[in-house]
Structures are given as structure tokens and as C-alpha cells.
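Report on one structure; see the data block that follows.
Chain nomenclature is as follows: A, B, C, D, E and F, assigned in order of appearance, with residue numbering initiated at 1 for each chain independently.
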Amino acid sequence: MTSPAISRYPIPKLDDLADDIRARMLEVQEKAGFIPNVFLALAHRPDEFRAFFAYHDALMLRDGGLTKAEREMIVVAVAGANDCLYCFIAHGAILRVYAKNPLIADQVGVNYRKADITPRQRAMLAFALKVAERSGEIDEEDYATLRSHGFDDEDIWDIGNISAFFCLSNRMANMIGLRPNDEFFLLSRVPRQK
Amino acid sequence: MTSPAISRYPIPKLDDLADDIRARMLEVQEKAGFIPNVFLALAHRPDEFRAFFAYHDALMLRDGGLTKAEREMIVVAVAGANDCLYCFIAHGAILRVYAKNPLIADQVGVNYRKADITPRQRAMLAFALKVAERSGEIDEEDYATLRSHGFDDEDIWDIGNISAFFCLSNRMANMIGLRPNDEFFLLSRVPRQK
Amino acid sequence: MTSPAISRYPIPKLDDLADDIRARMLEVQEKAGFIPNVFLALAHRPDEFRAFFAYHDALMLRDGGLTKAEREMIVVAVAGANDCLYCFIAHGAILRVYAKNPLIADQVGVNYRKADITPRQRAMLAFALKVAERSGEIDEEDYATLRSHGFDDEDIWDIGNISAFFCLSNRMANMIGLRPNDEFFLLSRVPRQK
Amino acid sequence: MTSPAISRYPIPKLDDLADDIRARMLEVQEKAGFIPNVFLALAHRPDEFRAFFAYHDALMLRDGGLTKAEREMIVVAVAGANDCLYCFIAHGAILRVYAKNPLIADQVGVNYRKADITPRQRAMLAFALKVAERSGEIDEEDYATLRSHGFDDEDIWDIGNISAFFCLSNRMANMIGLRPNDEFFLLSRVPRQK
Amino acid sequence: MTSPAISRYPIPKLDDLADDIRARMLEVQEKAGFIPNVFLALAHRPDEFRAFFAYHDALMLRDGGLTKAEREMIVVAVAGANDCLYCFIAHGAILRVYAKNPLIADQVGVNYRKADITPRQRAMLAFALKVAERSGEIDEEDYATLRSHGFDDEDIWDIGNISAFFCLSNRMANMIGLRPNDEFFLLSRVPRQK
Amino acid sequence: MTSPAISRYPIPKLDDLADDIRARMLEVQEKAGFIPNVFLALAHRPDEFRAFFAYHDALMLRDGGLTKAEREMIVVAVAGANDCLYCFIAHGAILRVYAKNPLIADQVGVNYRKADITPRQRAMLAFALKVAERSGEIDEEDYATLRSHGFDDEDIWDIGNISAFFCLSNRMANMIGLRPNDEFFLLSRVPRQK
């Protein structure tokens, strides 16, 4: 019995990869226990792989006013809006890990208005979804609303650019039929013991 | 510390409930280990409670060409389309139980086109979503497509009516701010041992 | 020459019906002069028939802050939004009867913003349509708006649940191709003499 | 007690009107028994009045492959799509007159797919609504479909231009809050005796 | 090599045209240096041609509170919303001429929120687009907003009717496949010398 | 008199930029005669700048089955769908240059169905817009359609990824209010002499 395909495109063998790309995969495997399929699938195009993850790291690892969990909330909410199974599941898992909260990812992905989050986080996600769905209508009022919740302009850039980057990512995942690793579905579902 | 509210409306005490309603709750508690919040919240209106669950049972427990898992697939896909957190999570759990598959509920809820289901099931969900989103456009061609997948007219009624009933249910849950029990999020996430 | 079909599904004969279902039909026939097709068509599934009308009666006959005409306004506006010919026509007729107003049903069904109704009724219909079309976005502000028009929380439940129930009903009618009785089109078109 | 306003704009007095405009009104009053409000409201701008009715007559009175009833079907279906109460009601009445059918107007306005019309008429209305709602996507296939139903290119022009003209008319009526005369609601509701 | 067709319908020869129609064409040719294709294509139906341009002139040449450039802004913004290449290009050229601004037409056509226009003009275009896209929702608040920007009710009629008229025009152009004259694309692209 | 802002965010001075970023800007200035504003605005975040242009170059400079003009057609059509003024104008200019055709950019940006392009290019743009607007619905049929037009799977990846990348880019430009350089509006408007 064969496993379901993880992409419509061929997956390169680890041995055939450029050193930097293989190194990145082994590093994430070391940390997570498995290689997320997005690495395997995007390695089909090494230059795009490098740019994609450089962009990802610039946004997601950057110091700033948003916590890691908040960045992942944006990703999961945008994935829900874009019907992207891969990012909903994979970043849902990461969000559960960062937030130490087994409920938050599904709440944010299905309907953030019902999630156990702060009003500030709700404003953040409302803006992220406006960037995802109606960016042509963004205006000064949107900035004013976010500032009234304590976000500064660099935070707003982060919120908007994370949303925009995952609009790219969701579309690629949907186009190539990227399948989430089974591991992501269960990851961090049990609340941490205190 | 107080728990988050499970509804915008008051939750009656078990002792204050009519006997038939309390009995139904105790029965589901016996089986599931907890009382799903939909029972507690809808008991605010006893007559509507009775009609709601009578309708539910008529559709979900009826013999026919759809498996229990397939009926729950319809519920979860429709909940995704209607941004209904309660049904997405609660019926997602039930779907995992019936299908003995820890991945299927999220797949179907986020984007059924990417789910590990049969072409027949994909046709079933496409029709369920047409009933949910554009029922005014249903015509003979939709029936012909479903028949070509082996559904008979009674199956089609079931598919459509389950979708329609949960369009009611999703709207009520969204309107009253119905919160899924925490238990549902984790239920049946681990694959059954063989 | 044959009459057009009233449903895509078989219509049971009155003699073959369970006593309670036949009794209900005869009762409405007594009152209206004819049996509305929704009774005939839903009798194809007796258990669903019973649950459907139990739900209907719980909502439409309940005492509360909404008049009977206001309840029917909700039904007609929602039917318009869902492109449901049966409910638009049948409940349009009932609305004309209750409101003693031959214009109101078409006004509300085509565009309630142009109807001869009060600002309070306009707020009621705006909420009913939000439940019908974007229930995932309902929030505390919607409740506050309705309260400012004098609705209490039980009224709000009624408005929302009537809308939700007819979202079910409209989808079923569209799915089975339910045809309005010819009688409904003309009913109560002439203003009552004073 | 005052009557509800028929327009957001002033209605000129008949005596103040230019002769040709007053003559047109008297002519229609002679025929219909009352002056439809669209004449009174548009007379606020005499030059636009003249152009509007010249356009209307060029389309609706022209000889060609469409019957008068079919032209009015297009108007009513488009009015439904544009939520235009005035044209739905006023042209619904005219459609009932031409078609000698008391049911057809509501059927076509609410959901033409459920109407008692021919497949050829259904194709005609599908095209009219594409012109109304997604004209940028019209292509050769649309023409081929209509030709397969026996329409020639001049008929297609008529269908499309009637739809386009009433897209103008519906928007004006909605903008000025044009109110249908009460008479239109009841007109020709009773089937003609044979 | 043949030129691409300018319409799906036959273009009459100038010699075959009625005198008034040919005169109108020669007049515009005299002024613009070429005959815009809309004249040639609509001449296929002389009566509609006359009504169309009578309506156009009544709206676009009328004295009132809107400048000629502002009227053309409405046309271009509406053409963008309706995906109408002909009006976007042809009226974009006319807008550049009237506004003496080589940038304004593309700005307004693609996204008027980013255009170099005044807040008053932004409010004007927001209303014009509401007439084009959701006229059934227009209410007193829209009028109040426009009045707060200094528009009187006659200006509002103009804004709305220009939008409505070009909703007709865009649909006809899309339906017949009307091709913009090549000349329009370049017209007035270079800023006037001072 | 000051120029309009080119971004909601501060523009770094050339002297303050990292060497590689300044070098890239000077290179494009050398070639184009001016520095496109996207370089100036994105330099606010050097790491994101580098990743953005690395991604851009990987997609737009890659060898493959799409011509440079075809790649720019995708960009312009997607910018139109996303209401992104910057990319519509800037890449419209680049498209005119590559295609040696002064009409093509506006045609493709406003409505590619009316553009002077091949059926193969029309299929390419239809897929690019599906990636931009409904990527969750992409399936094997879309691949089959493109293959029937002679595209291989690497071409399809290119089409989809260019669309996805500019969905990111359009959202960023809209969010920061990125203003196209005036030069772009006029560039290559006059047909090349033969």
C-alpha cells in the first residue's frame, strides 16, 4: 500500500539536494521529529525554496511587538480564509505549541471571532483578513484602529506582510496539492501539565 | 477564575428541566462522558429543543444509503462553509469516531477537495455545499450527477436535508455564541490500534 | 393535461398517511381552503414532517414580543434572500393576511429597505438577514442595536431562530422543487374594507 | 394623513410640464387608468425623461423574435437580481397582462429556474442575468447556447440590451427611492376567463 | 492582414446611415480626428443609437455642480468595476484631456482610493460605485454623506445617473465585444506644457 | 509644493542602505532611468527586500516555456483582480516593453477576455486568476486544460507561482499605499517603428 502523494510535483531525494537545502531540512527534522512536507515539495525549485524560507524567516523570526503565537494566529486565520489545508493544519500545530493552548488553533482557523483571544488580537486578525481578502480597500482608518489597540506602525507592517506572505504560500500549497504530514494533526493537542 | 460562557443565553439547571429533556442529557452524558453544550444551550427553549433533536435524529439515525461517517462528513463540511465553530469541532470529533480516522474531520472541514475520500463522497459533499450556499440553483443536472455516483433519490434527500438542517444549526450556534466543549477538540485524535 | 409536479419526490396519498399527519393536513385545509404543498411534499418523510412542523409551531405560535405579521416578515425577507419561490409566495400570502396589508409582502420580499415598515422592523429584518447570510459575523454590537430598538433578548432569539429555521426550509424547498399552490399568489391581494 | 413619497426628488405638477411629456403621461393614464410613478419621478429631468422613454420604446416596442411577454420576463428577472422594487412590481403587472398568466411574474422575479416557462425562455433569462451580473465574462459560447435555442443575433442583442437598459433603470429607481403605484400590486392577479 | 473586429455585430457603412446619425459621427470625427467605435457599433440600431446619445448628452453636457472631469471620473471608475475595456480606455482618454492630468484615468480606473483626488471626489466615486454595485442598499445616510461634502441633491442625481447610464453602456459594450479605437490608448498621455 | 508620498512608511536614504541593496537600486536606475518606488519602499525592511527580490528573480528571470511578456501578462491580470495600482501600472509598462505592443497591458489588466492574445494565453490567464481568487478549488481538470494548450507541468508551476507571488506583492503595495512612479504611466505607449 502506498502513501498518498504529498504534492502534484516530484519530490527530490535528500541526496540530490544542494547542501544548504538539505541542511535546512535536517535541522527542522532534528527539532520536529519529521520533515514538514512544504520543505520537500518546494525543494523541487531550489531558488524559490531559498527565497521562500528567507522571506518566511524574515517575517516570523523577526523581533517586534507580536509574539510568536500571535504571528501563527495570523497564519492560521489566513489559511482558513484561503481554504488551505496545509497551512491550517501545520501552522495550527505550531500555534498550539507556542500558545501552550490546545484549543486556540481550531478556534482561530474556523472563526476567530469565537476564539479565546484578546480584543487586541481580534483587531489584529481583522486587519490580517482585510489584507488577505480586500487589500485594495485598506485606508488610514485601518491604521488608526490598530494604533488604538497599541500596535505601532512596524507591528502593522508585520501583521500585513505575514498575511500577504501566507496568501502566497496558501495559493502555492493549493496549486500543488500539498498534503500536511499526519504528525501535524495530533501535535500538542493535550494541554501541558502545570 | 470563571469558565468562558457557553452561550449568550442563560443555561437552565438540570434540576429545573422537564424530565424528557433531562433524560436525553443524561443519556448522552452516559455515552460521551460529558453533556455537549448544544443540549445545555438549547434547553433554554424546551419546545424548540424537542423539535431540534427530533429532526436531528430523524436525519442522522435513519437507515439509508449513507454511512454514519458520511452523514458527519456533510455536517463538518457545511460547518466549515458557515464558519460555525461549534459544529466544526463537535461533529468533527464524532466524524473521527465513526470513520476511525484521526485526519478526516479537519480535511473535510477545511477543504473537502483535499480530503482522503472517494469520488462518490466528493460528489456528495459538492451537492451538500450547493444546498448550503446556492440552493436556488439546484436543478436536474445535480440529481443526475449524484445518480451517476450510485446515490438514489432517497440518499439525495438525505444529503440535502442534512445540509439544510445544519444550516439552521450553524446559524443558531453562531447567533447564541455557542462554545464547543473542550473535550471535543481532542476526542479520537489518536488512530485506533488494530 | 396534467398539472405541474409539486415536488421532485412522490406525494403520498391522504389515505396512506399516519393519522396525526393526515389530521394536521385536514386541519389546515379546513382553515385555508386547500392543503399547502409543503405538507404534501414533506409527508414523504413522516418523522421529518413531524419535527419540521413541531419546530415551526414552536417558533411561529410562541407568545413573545413579535407580532405574527412581524414573524412572517422575517420569513418573506429570508425567502427573498434565499431565492425560495415557495416560501416567498406562501408566506407572502400569510403576511398579507396577518398585516391586513396587500402591499407589504412584495415590498419585504424584494427589498425590505423600501417597505412601509417601522425603523424597529427594519432593524429586525437587517438582523434576520445577517443570520441568514453572514451568521459567523454576529457579535455583541448586533445585540446592542436590536436592544436600542426595544427588543429584548428573547425577541432576538426569536428573530434569529425564525431566520435560521427558514434557511433550512428554503433549502429543502429549493432542493425538492417545491411548487407553491396557485391559491397563494392571489390570497389577500385586495385591501380589507374598513 | 399623507401618502408616502414616491421619490426622494420633487414631483413636477402636470401643468408645469412640457407638452410632450404631459401628453405621454396622459396617454399612459388613459390606457392604464393611472400614471405610473416612473413618469412622474423622471419628469424632474425632462431631457433625461425623453431619452429614457425613447430608449425604452426602441427596445420594448421593436418588432423582433421576442414576444412582449418575453421582454417583460427579462425586465422582471433583472429587477429581482437588482433588488429593484419598482420594476419588480410594475413590470410584474405588465408581464401578467401580456402573458395572461397570474403566476408568471412572481415566479420569474423570485427564481426563474422554478417558473412555468420553456427551456428556450430559461436560456434567455440565464443570458439576461449574465449581462446584468457578469457581463465582462460574456463570450462566444453564450452566443452559441442562445443560437442552439433558436435565437438569432438580433434577438440576442434585444435580450442583452433590455437587460442592460433595466440595469440603468433599476439603479435609478433604487437611488431615488421610487415607489410603485399601489395599483400595480393587484393588477391582473385573477386569471382571465376563457 | 485584417484589423480585429470592433463589434460582434455588423458595422453599417457611413453612406447607408440616416443623415442625423452620419452628421453626429462626422462632428465627433472632426473634433477627435477619428470616429470612436461606439458610434459605429451602435449605429446598427438607429433608434437605440439616438436614445443612447440623447441620454449621454443630457447627463454629460448638463450644467451643474460637477466638472466635466469629475463626470468622466465616474465613468472610468464604473467601467473598472464592470470590467468594461471600451469605457475604461475611451473615457480614460477623455478624462485625461479634461483633467489635463496624464495619471488620473488609470488611478481612478484601477483603484480610486489611491488616486490624486480630493476627499469630496472620493466620496463622489464611493457613491457612484454603490449605485453600480449595490444600489438596493442606498439610503438616507448616503445622501447625508454626500451633502456633508458639499454636493446638493441635483449633484447627487447626476452622480447616480451617470453611474447608472454607464452600467447600461458597459454591459452593451461587453455584450457586443466593443473594441476601443487604438487612438484612445495613447491620447493625452503627455502632460500639457504650461 | 511637495510630491505625494510614495509609501505610508519611511523611505531610507540611499546612503544609509546596505551595499547590496543600494547596488540593486543603482543597477535598475541605470537601466530604467529611475528607481521604481517598490525598491525604495521595501528597503525599509532589508531582509524582506532581499527575499522579495530573490523570489521575484527566481520566477521572472527563470528559463522556461513562458516568454517574458507572458510572465508580465500574468502580473498585470492579477494586479487588476487585486485592485493594485502599483503593479497594474509598473508591470503594465514592462509588459508594453517586452511585448512591443502599446495596447496589450491595458487590455489584459482591465479584461483579458477582450485582449489581443492567443487562446493559449487566455487559458494561462484564466488559471492565474483562479490561483489568485479561488485557489482552494484547483483540481486535476485545471492541469488537463493547460496541458491541452501545450503547457507542461513546469510551465503550470510558473504560471501559478507568479500569480501567487504577486498576490503577496499586490497586498503589500495596497497595505503600504505604494505609489507608482509617474514615469511608468507613459512608458512605451508609442508603437515601435518597424
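Definition applied: a contact is a pair of C-beta atoms (placed from the backbone, for glycine too) under 8 Å apart; a residue touches a chain by one contact, two chains touch by 3 or more.
As the structure is a computational prediction, the values presented were derived from the model and not from experiment.
K.L.:
Which other chains touch chain B while also touching chain E?
P.N.:
Chains touching both chain B and chain E: A, C, D, F.
K.L.:
Using the touch definition from the top, list the chains contacting both chain D and chain E.
P.N.:
For chain D paired with chain E, the chains in contact with each are C, F, in label order.
K.L.:
Find the chain most remote from chain F, comparing centres computed as mean CA coordinates.
P.N.:
Taking each chain's C-alpha mean as its centre, the farthest from chain F is C.
K.L.:
Would you kindly state whether over half or under half of the residue numbers at the chain A/chain B interface are used by both copies, giving same or different?
P.N.:
Mostly the same residues form this interface, as more than half of the numbers used are common to both chains.
K.L.:
Going by C-alpha centroids, which chain is farthest from chain A? Tell me that one.
P.N.:
D
K.L.:
Could you tell me the distance, in whole angstrom, between the mean C-alpha positions of chain A and chain E?
P.N.:
A distance of 44 Å separates the two centres.
K.L.:
Distance from the CA centroid of chain C to that of chain D, rounded to the nearest Å?
P.N.:
Roughly 28 Å separates the two chain centres.
K.L.:
Could you state the distance in Å from the CA-based centre of chain A to that of chain D?
P.N.:
51
K.L.:
What are the residue numbers in chain C that touch two or more other chains?
P.N.:
83-84, 111, 136-137, 174
K.L.:
So which chains end up touching which?
P.N.:
Chain-chain contacts present: A-B, A-C, A-E, A-F, B-C, B-D, B-F, C-D, C-E, D-E, D-F, E-F.
K.L.:
In the complex, go through chain A and note every residue touching chain C.
P.N.:
Touching chain C: residues 111, 113 of chain A.
K.L.:
Write out the stretch or stretches of chain E touching chain D in their complex.
P.N.:
Residues 8-9, 44-45, 47-48, 50-52, 54-55, 57-59, 62, 82-84, 131-132, 135-138, 143, 153, 157, 160-161, 163-165, 167-172, 174-176.
K.L.:
How about chain E: which of its residues touch chain C in the complex?
P.N.:
Touch list, chain E to chain C: 136-137, 139.
K.L.:
Which stretch or stretches of chain F touch chain E in the complex?
P.N.:
4, 79-80, 83-85, 88-89, 102-103, 106-107, 109-111, 114, 116, 174, 177, 179, 182, 185-186, 189-190
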